[in-house]
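Below are structures written as structure tokens.
Both of the next two complexes hold chain A, though its partner changes from chain B to chain C.
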Partner chain A sequence: MSTGNLSRLDPEEVARAVTDFINTTIMARTRPVRPDDDLELAGLDSMALLKVLLFIEAHYGFWMPDEDLVTDNIRTARAFAAYICRRSA
Partner chain B sequence: MNLAEILFATAERHSPRRAVTDVRSGRSVSYGQLASEAERLAAFLKAEGVEPGQRIGLLAPNDLTYLPAAFGLLAAGACFVPLASNLTPTEIAEIVREVQLNGCLSWPKAAPLPSAPGHADASARRAVVKGGECEGYAFQWIDRRAEAPVEFTKLNAAFIRFTSGTTARSKGVVLSHEATAARVEASDRVLKFSEEDRILWVLPLAYHFAVTITAYVRAGSHILLCPDTLPKAIVDAARRLRASVLYAAPLHFERMGNLGPSDPLSSIRVTLSTAAPIAPVVMERFESVYGVPVGQAYGIIEAGLPCINLGTEGLPATSVGRPVPGYAVAIFSDDGKLLPPETLGEIGVRGDGLFSAYYSPWRLREQVASEGWFLTGDFGFLDRSGALHLKGRKKALILVAGLKFFPEEVEDCINQFPGIKESRVFGRPHARMGEVPCAEVVVDPAGCDLDALRSHCARALSSYKVPLEFTVVDAVPRTPSGKIRR
Partner chain C sequence: MQALWKREGISNNTLMVVHCDGPLDHARIGRALDRFLDFCPWPSARLRRRLPWGPLHWAAGARAALAAPPVRHKRLSSPGALHAELEAELNAAIDPRREPPLRFAILDGAAEAAGLQSALVVTWFHPLMDPRGGQNLLAHLAHLDESDGRAPWGGAPSVFVTGADPRPLKERGRLGRSSQRYMRTLVPEAPVSPGTGLTSPGRVRFEQASFVGDDHGLGGVRSTREICWRLALVGSTMADLWRRRGLPDLPFLVPVSIDLRPKGEPGATFGNVLAFHFARFKPSETADVDRLTRALRQQMTDALRDGQIDANAVAMEFLKYRPLALMLRDLPGTATRETFSFNCADLADFPPALEKLFGRRVTNAYHAPSVLPRPGVGVFFNRCGIKNNLVVSWIEGAMETQEVARIIEAIREGMGWRAAH
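On to the complex of A and B.
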């Protein structure tokens, strides 16, 4: 966990922000997803994935590079958050 | 004729050969299995009372079951209406209404669709397929008695692709079996599919089934369905399964190219980029990384693929190629006159592969096209070698990573929300996505909850159409005649 450094991102908070974005902008019609839900199983398709990448670009200031688009980084909102925090550290 | 006969003919020649493999699970079906499952589905649908010419939806994902279900619908004589699995209930309701959908075949995980108003009893019962590849698929009536326009019944319609047509208000592009077969034949003259081909497929079948898949089936090619469209997964699948054809959208080529450097993808003989314009820099990077050129096609729903540039004939990378044999392409001025080469104008297409009609409002192709020429609404020019170059669109279509929509659809959705007086939706250029949708809204003095508005749009619209940004403005810009400025 981060200590003292205010510029450092909190993985919990980022996971919540990504989950909120998915629930309000992408999947508002179904049961809300939780930070540890498998996003593909929840119905997130490739276009919805692009929306998450746009969200990351707008809120965390970088475009997730293609070599990092692997299942381990995008399986859940928490996996996204862990990736975002690593990138921003 | 019926397109399902193409499958049955291939199954007779190549019964034990693999027709489709799911790259993720590794499971395959042979042509013999595919044909017998399609026949079984057709018998099931007929036993439920499905009659030729009825509009039947297919709600199914990109997996092994899609092909037998689709060919089963065709073999039963139904007019097949693909329903993409990411559609919202609001979007499905619109399709049901506009094409007078009689019934729907759904994969096991799909919820039943609501019946048409006044037909609650008819759809209460769902018949379920037992055993086989399509085990658990369910058929339901939505409005069994809904009758199509008389001219429709004479068309031998195979598909209705529900996308907006040349204007935001014409909906449902109808393709006859004959027009689809003409498209298959035309594209095969250039792409030359064979039983040796292994086709890596990464696009949604609901948007692309008609021509391309039928072309592969006709040739007896092996189709590799790749549900994982992340760039590394596509490259791995192409290498491992020695794909010979890669059919994908520009974004796939861009992402794959960005992975570089790599060993060449030596098994690939043809790549084809479709669905959106591809930038020359993306093509160059892909070719330098993988050692294969990127081909591109000019694809429009009303005309198929009238132009193809394989990238191997020395045409400039900025061109979508020369007309495919079977099609003619010409450039027209605003007042409908033919323009000479190197002159910018509206692109017209003629050929047997043109669509048959718009469903809603009903208009036959002959009523839309003038002397056989269908005006596409796209602008471009032909160079002196006869190759077509695209230069933008007449209509205010928004193109997000290869998926298209009209701003009016999203504006209608926004305007229904409490507190909104009017809105304007537009595409903002984005380096990766082509465009991203944005909205300007004029709100009541009492205010409007923009977060709730965003959720309202996300419930009603497919995710690619939901604006990324909502900006409150005093007024939306209008032309002197009062139309929203596009």
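On to the complex of A and C.
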């Protein structure tokens, strides 16, 4: 994904991209998550969280700072997407 | 095994203790275990070398030649006898060259007001499985017990061992060498540990305590579920020990295990399914736990970004157990026979699917791994239902019991937990 049009990010598209990343690199193939699933309940641990942060850095061009790693921003793929879109607006 | 202790008969055992609300039937467990061997030989494997100079690997014969691991049954005379029995299990080192790499024991408690309670104890030679693997084995046995007479796993047996890394040998070799180079740069000097100076190690001991209290999930200012936060808290208790003993302010070197299984399903049972990250921080940096957590998170992120965790994973191979030997060859303290400053791991949740086992309800479950004489101490977390379990394992001579008690109390206070009854 290009990082040149961050101000026009579509939250649905971002949620789908984050969900796809989690399902292809973290989750078992038989246990995919959906955008509104609680990621910690789905089994994501500290290392998995860091993988998602690296994905965001690589695809959206910024690092989520420690102070933003609050439950409201990381509970679900959609929450990540909302944060990414806010940060990029 | 560290060369220093090669002929000392050091235990590499690890325990999983599962408390149940009533007596367990050892014949049921024996039957499930025997049936499991129809699908998977590894509980009866032996550690072998193909050639005297070759690498160690697990080997198992044909089904007819496989004998199920032993299931011992014992009635305890008093409630206090359980702990002594568990420590004896931990110290009765399994020699996987000559005996099965795991064994079971059912320890029936003395009659109590709540009735007779049992503890199921699974003891294994730790390279056979990691803690999650031990839980998976138990889940498989429980499934076989429940599906007695029917085709288990819906007729499609589970995957018990992780498949081989599909990457070409050349690529794996490159990653392995990269991991070795990285490990040599971790800390400038050999770390010290409570076991430094031990030349004649004592028995393995452990203390377990259960607590209740809210954990703060991933995210939030004090994300107490996060391994970096827990490691920072444990590091602060170790720094206190260092101060009391007058140990130097050299960087701690602590291995952090990372479960490589895909999330959402149990994954493999046998073999190594872990990679290691190596956390480094000085005792003097532990005063501010939140700040240290951020620094440790940054270290872990850098290791992930640089591919070091993937490279470490490549260095681990099932059926050719070499990880510890590899670490000991490449870590900065090898020359002085030091390894790590202490061990620390969060062994996560005991699977909710195992709330019933062989017809009994599970009331608590925890792991008690042995630690090597150096570092001589390890702190392990896990959860079972609402209980937060804390286990401190140590080597006699490296730690005093009052030092262990101080560590447990400091962690309880730091986590904001209260004793579970």
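For the reader, a short list of remarks on this structure follows.
Keep this in mind: the second predicted complex is superposed on the first by the 79 of 89 C-alpha atoms of A that agree within 3 Å, B and C clash if a C-alpha of one lies under 4 Å from a C-alpha of the other, contacts with A are read in each partner's own complex, and residues count from 1 in each chain.
Throughout what follows, contacts are C-beta pairs under 8 Å (C-beta built on N, C-alpha and C of every residue); 3 or more make two chains touch, one makes a residue touch a chain.
Keep in mind that this is a model prediction, so the values were computed, not measured.
Of the two partner chains placed by superposition, chain B and chain C are both touched by A:Asp66. Legend: residue contacts after superposition of the two complexes on their common chain; A:Thr24 is shown touching chain B, with no touch to chain C. Of the two partner chains, chain B and chain C are each touched by A:Met47.
By the document's definition of touching, of the two partners only chain C reaches A:Arg75; chain B does not. In the superposition on chain A, the residues of chain A contacting both chain B and chain C are 26-29, 43, 45-48, 50-51, 53-54, 66, 69-71, 74. Considering their complex, residues 24-29, 43, 45-48, 50-51, 53-54, 58, 63, 65-67, 69-71, 74 of chain A touch chain B.
Residue ranges of chain C in contact with chain A, taken from their complex: 217-221, 223, 225-228, 258-259, 261-265, 267, 294, 297, 300-301, 304-305, 309, 348. Listed in rising order, the residues of chain B touching chain A in the complex are 85-86, 88-89, 228-232, 251, 254-256, 258-259, 400-401, 403, 430-433, 436, 451, 454-456, 458-459, 462-464, 466, 468. Per the touch definition, chain A reaches chain C in the complex via residues 26-31, 33, 39-40, 42-51, 53-54, 66, 69-75.
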